[in-house]
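You will see chain A twice below: alongside chain B first, and alongside chain C after that.
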Partner chain A sequence: MEPDPSTSWYPVARSDDLPLRHVFQGELLGRELAIWRADDGFVNVWENRCLHRGVRLSIGLNEGRELRCQYHGWRYANRTAGCTYIPAHPADAPARVICNVTFPAVERYGLVWTCDSPGGVAPGDGPPVLAALEAAAPLGLRNLPVNAEPSTVLDELAAYAFVPTGLLAQRTAHDRPVAGSATLGTEELGAEVSVTDRGHSWIELTARMGEAASRVVLFVQPVDSARSVVRGVLAGGADGADGADGAGVHSPERDQMAVLRHHHRELSRLRDAIEDRAARRPSPVPMTPRLQQVRLRPAESALEHDRRDGGRRTGLRVSVARRWDTADAIVAFELRQLDGLLPTPRPGAHIDVELPNGLVRQYSLVNGPGETDRYLIGVKREPASRGGSACLHDTVIVGDVLAISEPRNNFPLRRDSFRTILIAGGIGITPLLSMAQALHWSGHTYELHYFAQSAGHVAFTEILDSLGPDVTTHLGLDPSGTGSVLTRLLSDPEDGGHVYVCGPGPMLDATRNTATTAGWPDHAVHFEYFTNATEIDSSSSFEVELARSALTLPVPAGSSIMDVLRANGVAVASSCEQGACGTCLTAVIAGEPDHQDVYLNASERRAGDRMAICVSRSRSPRLVLDI
Partner chain B sequence: MMKIYDYELSVNCYKQRLLLGILGVPYESIPVDFFPGWEHKGEAFAEINPLGHIPVIDDDGYILRDAQAILVYLALRYDPSGLWYPVTDPRVAGEVASWMAFAEGTTNTASAARLHDTLGYPFDIDTVRAGAQKLFRVLDDHVWFHEQQERPWVASAPHPTIADLALFPDVMLSEQGGISLLDYPALRRWTDRVKHIPGFTVMSGIFPAPAGAAPAGAAPGGATVGRPR
Partner chain C sequence: MAVSDTATMGTPSCTDPVALHEWYPISALVEITPGLVHRTQLLGGAISYTRTPGGSRPVVWPSGGEASGAEVDGLAVDHQLPVRVKFGYVWTTLGRPEHELFDIAECDEADRRIQNGGSIMVATSAPRAIENFLDMGHFPYVHTGILGAEPRTEVLEYDVEVTDEEILATRCLFFQPQAALSASDGQMTEYVYRVPHPYCVMLYKSVPTDASRMDVIALFCQPMTEERVRAHNFLCMVDAVNSDTALKRFQQLIFGQDKPILENQSPRRLPLDPRAETPIRADKSSISYRRWLSAKGLTYAVIPATAPSPTPAPTPAPTRSS
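Moving on to the complex of A and B:
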């Protein structure tokens, strides 16, 4: 095995080692792997340890879309291995940078292949393509662990002796009952076996007897310096189509078992001999896998963009893979990364989209858990559009490239609630759909109430259908009708229950008031406004002191704190810049904020320790910020 | 009520709790100070079991010792379906008995390694680990070939039997004795299936299966597992 192991592909499992909701424990070149198939079919090959306390993820729970660590319940998303939830911090979205180490995966010849190239970046050539196995459906043999050095195992496999498939099938069918088939020996039949091809980690053998011939390829998986797994694949399957003479009249299943048992018996016999010899040699030093830092950011360009643009982040490039009318005046856009993986979104997250006309708009992601190969947004054409929704509806077509930000989550979902009530009005369904899917697929109790004008205004019905009876739509209600439904839904405030609401401003206000009246505490009512409808009063002037930057700046009437900071070279993250999204929330050390946003709730406003610096100002002459 | 002389960390006691939970039979656990008190080796306990082993059950005055024997009794006495020890099918019953005997072997090797590593028992650790590896190879081969024939369980019946429960804890906790299951993927899949049996209960070190879809064949009566593609 001479070639660079980091660019060589090896089989690490059989495809059928990954049944529904299983996590396979594997190892390659001294590195343990957790391998699992998500419900969408994607095969994940990850470093086998949780980033939190190093516990093996192979004892974790495959929830179909996310893998949950058994120890403290950290959840990681299908495909990206991005951490999506930390139970010890239920009210917070985990930092975007927490991502496990992933390896590329390819399925070929009934085997799962990977290479020791972390980050999911696959060397170009892929697993070997072997003519013998391309011809007809090959049959995977029983995998065989061998306690010996991989290179020695490969050499010794040249002595593997077996009987051509067609003869095995005939003998077992005519001469022996199935129970006796396993004792059929190579010697008694006298097949001639020769090595007919060889690669750096595999060997092809051909057995001939009279007219009959069969080929087997044996792949050697280097588990560690003194441990290997032999993974055999028989060309032509169990029917002996690979050069054998005609098959008789007998059961194909019985033939297949006889063939599998024959190879397992002969390979085991060879394995015992190889292990005997290996046990007499000094044991080599175990391999040390190369550990690398967990990758910090999926797109370096995002960082660059941050610096150039004073905190705005639209450093990702995506193309529009699909667009369709999902409801009256609502268009759905499916966005795909131009190369590599998109950052992992969490339920409730939104992205900034830079439009062709230069405007920047925020859209919530509709993605379900583990749906990490695309971003899905729904855009409603606003009658009073200032150019955002109209531009997307009228000019953006499939194939267009858009600049977007990484997903940001200021509307995070708790996944420890005994009862979760999701309330959506109109296009406000988008973040709540992503939450509902997360709760649905991890088996939590929740209800989703979707208020819409008519059946034609109900968006993403295919996702709603997949959620089943936990979804209720309320159609064509006027404000008072909506009010009485809300009163009924929220009539029973519960300890440990949580309410999430998104929709038009008046409906949000009504929901929040109804919840407060019914006795729901502020901290249990979560909301997200799309826009801040309050008229911003920017007539005050005051001084802002930046405690960490040691700067004091005057904020004149007509300028926001954010404008002043950026004009003075202080980068601050922002998104909506109208006091709705919460991205620019900043800690207040001293002074009395003049809140003008719609992000903070009443008790957060009273506390006065955080403020949205894009619109909020100061009641006191001096404000000290933790920047 | 049924009483078990019980120790939380004992795999042989856990087997009984597992079957009783699956069958829905109420029982009272009588804790035995196995470690560090060695109560099962004391004079008082010798009255109950002169061999000084747990578990022992006391079912309304009927006293029975030996982990595998108790499984047989509980299945025959409390399982109206007759599936857990299917004596009406001589071949399956024979297989169950043979795998129950195999479980004695895993107790003497995998369990011994676990007692060595966790409670400091003076076993020759290399010998017991090697013995367990040898048995696990046999069991993994057996389970793999059964999977190829769409047989999800240790015996060839389409439903689990007490043989599965007799073997499950030693396999599941083998890592505590320094025996990795990395080389036995078929055993790891089979333990997933056992965890999906309705009424499954856990013990320290054994976690429940995820909610949601059960692997094919896990529910009693189901019989399918994936075939090679």
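Moving on to the complex of A and C:
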């Protein structure tokens, strides 16, 4: 029976084809692959085609954590291949659906293996496990491209003849020519070679000569219908420890050279014969691998604000892989998905965490670029906690399973300015740490200012240390001390510069006011509130008309618009319900909103065309909303 | 893939009426030696051309057995193809276009420096080359330090107007660094792009010394086959300072940076289905261009939107168990 190529594993590269920061171009079954190793060791096997405009990713830049396309600089994350940044639109987080086609990858016997199964789900049991190669360090032979059909190549490899390793090594050790010269074949040497095992894409041969014996496994990589690559692995390496040959002691490097040379010469000879015969047959039709269609979305919405997908969804299950005290009253949690891959985190994103006690809390991801196998959050124990942080601190331990949402990004990071100032207060460091790492690893200039009570309150010092001199900590400052540092930092508003701030309410207000006074435009100051400290006024009553639902509802004092909508069966997305996260922003068609949120900036408030319906109310007796 | 590249006789492999009944540039007039045979390809067919001895009249015909460089009397050639000379190029057609070639008003200005900035062969389709020309987003990455520079990578919203005759993109702004100066000394440059022909595109850019006038740079594509193009770089500049060679060299530098990118794009034919690739707002002009080609019913050098997904050829089993 023919093997199903989509569940069969084939070698597509050698492990040493993937040196640091390199992208290797491979090919399997007529499909080009971009193969690269990230700095964390993970081997990525992707379709060799940027999904923006089809440029080969093998000419892209391996930045260690992300791969950058050469054409328009789109960035794709290690492991997930999710797009993390589209330079043409610095203000927008790329839509989650923008993700390259990935294939599973396994390294075994010095080779990189994959199968034609787009999506990265590894079928079956992985590449073949061969007893001959498990025993001692096997030696990879030079790979040999053969212009012939893979199935024929495999059949013809049964005729491969070679000399057992031990004998080759001995001969060089005594400075005698190996097998005399290229004209003297293995038959003349009297080695007896037989096929000792075979699979659907490989063949194992054993050569015996007197006491000496060695085994070689030849794997056939089907490049296309008429092209193959033979990748050989010699059991037992160059010292021939595999068989019963009992070789003497000699220089390992010279042995290895002699062995590699012998196999290369003999394999090349066989290749020539195979190609000769193949050239006399009609050439088969080239393979046409299915190109993956871009995931279905209207073309124009490839970029969108993540928050449109908002809502209270905690559909991912993660387990707590690690928890540790990262600072006074701050616990760090490392969350790993139970199976499969987590959605690609982008700088500034947060997740909703559903706690064992039923509460849902938002935490920013601390992840750096390419750190895609886990989510990292920092949780501060809030004295006035309604049970969120206390529950995490006191009851959640390693091994616990939590439900979380996909990452959402209300705080996306632009990377198009000459000056980026990141300002963090206390636990507000978390989103800014992911931003700082993104800027650091992609070589952008930035400065991170971290205000904390004391050295003991500084969280994630190991990450801060990895960032080096772009980080400044400001310890133990009172509000006026903080104020004067902020004044200094923001004294010189720069055209095209951007300020990002996250921290407690008063510090946020101070930063925003200082920035405005210094002349920074509203759109250059980005912030994320942790909790909304503004007193919410819900005393007024008014009427909302829902334009698309053809409903008019009274909003009594003491109830929010959102409460009223939900009570009447209208589904609305929300997250913080404190006017801080922007999830529930709704278009206003008529009427004058009374903004009570902290999300919109001054000019957006003046425009009055969107409002946060979880907290904001109405100045006019009637509001018409686009719902 | 290269099957259609092997045509040596004058039979075009193209059967697309939209592509057939269109004018194409085949050479800059000044680059044709009178009395000698020049050969090239158009729409998959081989064509020959020359200029009449002593005269300037170009003659174009479907290639017979004549060798490139052989002597020929243009006046005596049978089966001549229609010819136009415009913008300094010789244009021909394999069909019967009902329309004349588009105009470029600036070419009539007396002080314009008009020249061919190079005719360069690229292993891609003509529409891929056009789309690259329309694209500002690649400036910082492909023309680093010349037409763009990181981190100023934003493509601001611009306007696109589409009529049956042409596509016009206006208010196209992009940050352009000053060569060799600190990048922050750059400035926003405004471009206008115009596509008056399925395989021709031009940009207008204000003249550094006279803001009221626009330099015109165009790419006239000669589709040799569906997946091979000869791109004629047309320059129509107001420049009293730089020599012709300097202007040419600059254009060749820019195009030389685009060429390797174009040759690493797959598929080579332009996919017209909007979901085949991932457009973003910055690609507004390319989105319009693809829709415009679809509306014309063009099928040559593109992958039409309506085409069923390529049926996988009966895949020969890569390996066989014994």
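Definition applied: the second predicted complex is superposed on the first by the 555 of 627 C-alpha atoms of A that agree within 3 Å, B and C clash if a C-alpha of one lies under 4 Å from a C-alpha of the other, contacts with A are read in each partner's own complex, and residues count from 1 in each chain.
Quick note on the criterion: a contact is a pair of C-beta atoms (placed from the backbone, for glycine too) under 8 Å apart; a residue touches a chain by one contact, two chains touch by 3 or more.
Bear in mind that the values here come from a model prediction, so they are computed numbers and not experimental data.
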item: Which superposed partner A:89 touches (first chain B, second chain C, both, neither); value: second
item: Which superposed partner A:13 touches (first chain B, second chain C, both, neither); value: first
item: Contacts of A:59 with chain B and chain C, given as first, second, both or neither; value: both
item: First (chain B), second (chain C), both or neither touched by A:264; value: first
item: Contacts of A:21 with chain B and chain C, given as first, second, both or neither; value: first
item: First (chain B), second (chain C), both or neither touched by A:142; value: first
item: Partner chain in contact with A:595 - chain B first, chain C second, else both or neither; value: neither
item: Touching partner for A:200 - first (chain B), second (chain C), both, neither; value: second
item: Which partner, chain B or chain C, touches more chain A residues; value: C
item: Chain B versus chain C as contact partner of A:457, first or second or both or neither; value: neither
item: Residues on chain A lying within both footprints (that of chain B and that of chain C); value: 32, 59, 70
item: List of chain C residues in touch with chain A within their complex; value: 131, 135, 137-138, 140-142, 150-155, 183-184, 260-261, 264-267, 271, 274-282, 287, 309-310, 312-322
item: Chain A residues within the chain B interface of the complex; value: 13-17, 19-22, 24-27, 32, 59, 61-64, 68, 70, 110, 139-140, 142-143, 145, 223, 229, 253, 256-257, 260-261, 264, 441-443
item: Residue ranges of chain A touching chain C (in the complex, touch as defined); value: 1-3, 5, 8, 10, 29, 32, 48-49, 51-56, 59, 70-73, 86-91, 98, 149-151, 154-155, 198-201, 220, 222, 225, 284-291, 293-294, 296-297, 299-300, 302-303, 415-418, 444, 496
item: For the chain B and chain A complex, residues of the former touching the latter; value: 141, 144-145, 148-149, 181-183, 185, 188-189, 192, 207, 209-216, 225-229
